[in-house]
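Chain IDs A, B, C and D follow the sequence of writing; residue 1 opens each chain.
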Amino acid sequence: MSASPVAHEIARRVARHLRPGDVVNLGIGIPTLVADHVPGGVRVFLQTENGMLGAGPTPGPGRLDPELINAGKLPITEDVGASYFSSSESFAMIRGGHVSVAVLGVLQVDRLGRIANWAIPGRPVLGVGGAMDLLAGAKTVVVATTHLTKRGEPKIVEECSFPLTGDRPADLVVTEHATFSVDEEGLVLEEVAPDSAFEWVRANTLAPFRVSAEIGAESAREGL
Amino acid sequence: MVGSELISAEEAAALVGSGSTVMVGGFGLVGTPLTILEALVASPGVRDLTTISNNVGEPGKGLGKLLLAGKIRRVIGSYFTSNPDVLERYGRGELEVRLVPQGTLAEAIRAGGAGIGGFYTRTGVGSELAEGREVREIDGQLYLFEKPLRADIALIRAHRADALGNLTYYKTARNFNPEMATAADVVVAEVDEIVGAGELDPEHIVTPHLYVDYLVRAEITLRSGPEPLLDRTGGG
Amino acid sequence: MSASPVAHEIARRVARHLRPGDVVNLGIGIPTLVADHVPGGVRVFLQTENGMLGAGPTPGPGRLDPELINAGKLPITEDVGASYFSSSESFAMIRGGHVSVAVLGVLQVDRLGRIANWAIPGRPVLGVGGAMDLLAGAKTVVVATTHLTKRGEPKIVEECSFPLTGDRPADLVVTEHATFSVDEEGLVLEEVAPDSAFEWVRANTLAPFRVSAEIGAESAREGL
Amino acid sequence: MVGSELISAEEAAALVGSGSTVMVGGFGLVGTPLTILEALVASPGVRDLTTISNNVGEPGKGLGKLLLAGKIRRVIGSYFTSNPDVLERYGRGELEVRLVPQGTLAEAIRAGGAGIGGFYTRTGVGSELAEGREVREIDGQLYLFEKPLRADIALIRAHRADALGNLTYYKTARNFNPEMATAADVVVAEVDEIVGAGELDPEHIVTPHLYVDYLVRAEITLRSGPEPLLDRTGGG
């Protein structure tokens, strides 16, 4: 499965926020791509909730081990210094706050930064996996998502119409157009992507948001 | 009995009673006792099982094959979306489904084996899965109450066993297996290799032998490659 | 520390109740001696709550490893097939009912088979260790004790004057003079030791007890 | 930081703040970080510590020496009877004592590291330790509620570390150390040996490196024999 340039761009924008030594859990989809964009010189450790710290890149041809997979059930390799543990130990690690950063895909994000990423109303809900544990437990939760759905609808909304994954808000919401931080009162626009415009972000974000001092100054300079 | 008894997959399948609750190790098919499950599919009398497993295998494979054989009445796990057969049978009212967050599932199994009467977790607070459930504030945080899970029998997958039944695991095939080994009345471990007692380093044993009742040699494995697996599970 | 012949006799009487494959946790004092009296052909596995299954006998001279000890802090060895684990795993094992037999010393046993073995009233209580966990969790709890205290007072009493270790009764109470089983209603005398007399046991047991069918028949034959 | 930083015992001792809560691994002196504790005894400003440890070392050794140095205000553990100095200071009102059954202690530390808000255990039901505590009936059994334990810093003892801070343990010196590594804001591991990253088998690592902040080389050990230990801890 080859990902779109937009997906890679979002992953690249997320990866800039990782710091050396971070223990990072990457969700399925766009979050998985973050591994490919970690800046040079920044060593991070990938935790996969099915029981491994130190997940390495996709194996080369002929080197696939069918019993070495990540939480997306994709084949991986073993990084230097990796370790294996059971599911209960893995989630003890996650719930206990020992994972520095969880990067999650979402269906929607609400005005307070709360996310919906596991269930679609009106369809039987038959999967939750580790999403709720990661949201509840990771030290920092970063949302990696396209700004709009495939149908062109904004994913950052006043109230989620999809069921929430939990009451804990994300810390950072990164799309191809913008980056928002989250504080007690809700979303704060921290950055507009170089090729995007503040007005586009405003028009395509249904949740109210505040604007960081930096962006505010910039917008004023541009006469917005 | 001293040591764990080596039995055939068919004998292992015969330990599973109709209407019983069965824990099955694995994340997808990785770490699943495929040989025993194959024998269970072929076991004529067994039905109305409740399974506790992260998934229901993959479509038509592992537990997924047991589902198609009509032997499963209820599934407890975290992620069934990857097996459309689950959705179909659920939709027809032929299958009961209990969805548990993956970490809560693992912790509840551990609690079942560890004599813990219940525990509080942050996971799921504020979600639909918390509806109707006991919520408690502890030191300013909200937590959900969760009860332990136990089974009549656990069918697990390990790598090496010694003659006593001590177990080690292989890479990410470890997953739910060590906890399930602690939380069932009868525990059967399907293994790649059986070595003599004393040949596993005491520091490296993950599951001490007291948890393991029976050993079965793995004949159907993922490591023989996806094609052979498809052939085997597609037949019989 | 060399134990008295009586202590060894009690340990021998307890050891007869062990079956091949039993996982056995031995408390400090007389229970520790049980290891020396396991009948030939009966292989049992000793669990020690500080984190080991398969504890072997006391090391010979020059073979002491100061980091290999049992719960009594005495040096031990490694049996074939032994394994090590952490304290939380060890007590998960104990509480979860995976230890077949716990042999415990006691200060007192009451009429229902409940035991007191951790605290003396009027003295500050500064130790509980694993006693309460073993009592609560072991599949079978066997009490190994002298029938009388050093002052000659019966240890099997109507009500414990010492604080109870828990509400779970022992399954078997073994002294140098007698063996009692325990059911819902309390103590049942199962056996009088060969060199002891039923009348002595009756006179030196302050708790009421019933008598098993076998002993009853025997006593009747003896005209008691 | 990438990897765990190697520091001296004195630097480790300097991480312990007055009035803080300190977890210390070990069962008696086995599995106790004796080198760091010795430096802590010599650390002038540190006092009013709360320790979470199964014992208070042995009389005058390990944590027992820290007690004699007047640095401990409160102890949480399971068995202090073997150290008469604890009784004496407790009797003089100089020391607070909280007694917890050993399994409950281990489980509470695990819960502290695992994001569990509390749990129910059978242990202690019907005993004096249950007085004034929350008791709950679950499926016909009575259980005691227990809250997690956490510390500002954990001083643990392991055997081998790699450069990242992955740890293995040695025989019964493992005891409380793996759980304590998960349940404190800062974790310092005293180790016998440090090897390169990748030199520990990923299947044999007991404590993954994400739990470990600092490494200290063990200089005072039990394996150098009881006499040298007495000399070392009897001095300074």
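Here is the rule we go by: a contact is a pair of C-beta atoms (placed from the backbone, for glycine too) under 8 Å apart; a residue touches a chain by one contact, two chains touch by 3 or more.
The UniProt protein names, listed by chain, are B, D = CoA transferase subunit A.
Given the structure is predicted, the values throughout are model-derived calculations rather than measurements.
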| item | value |
| --- | --- |
| Graph separation of chain A and chain C (steps between touching chains) | 2 |
| If a chain touches chain B and chain D alike, it appears here | A, C |
| Farthest chain (mean CA position) relative to chain A | C |
| Geometric centre distance via CA averages, chain D-chain C, whole Å | 30 |
| Computed distance of Cα centres, chain C from chain B, in Å | 36 |
| Residue numbers of chain A (touch at least two other chains) | 78, 84-85, 91-92, 94-95, 136-137 |
| Residues of chain D touching at least two other chains | 107, 110, 114-116, 121-122, 169-171, 202-203 |
| Complete list of chain pairs which touch one another | A-B, A-D, B-C, B-D, C-D |
| Residue numbers on chain B that touch chain D, as the complex places them | 107, 111, 114-122, 136, 138-139, 141, 143, 147, 168-171, 201-204 |
| Complex contacts: residues of chain C adjacent to chain D | 48-52, 65-71, 73, 78, 84-88, 90-92, 94-95, 114, 118-119, 124-133, 136-137, 163-168 |
| Chain C-touching residues of chain B, taken from the complex the two chains share | 1-3, 110, 112-116, 162-164, 166, 182-183, 197-198, 200, 202-203, 205, 208-211 |
| Chain A residues within the chain D interface of the complex | 20-21, 23, 43, 45, 47, 53-54, 78, 80-85, 91-99, 136-137 |
| Residue numbers on chain B that touch chain A, as the complex places them | 27-28, 30-31, 54, 78-82, 86-87, 90-91, 97, 99-107, 109-110, 121-129, 142, 169-179, 206, 222-223, 225-226 |
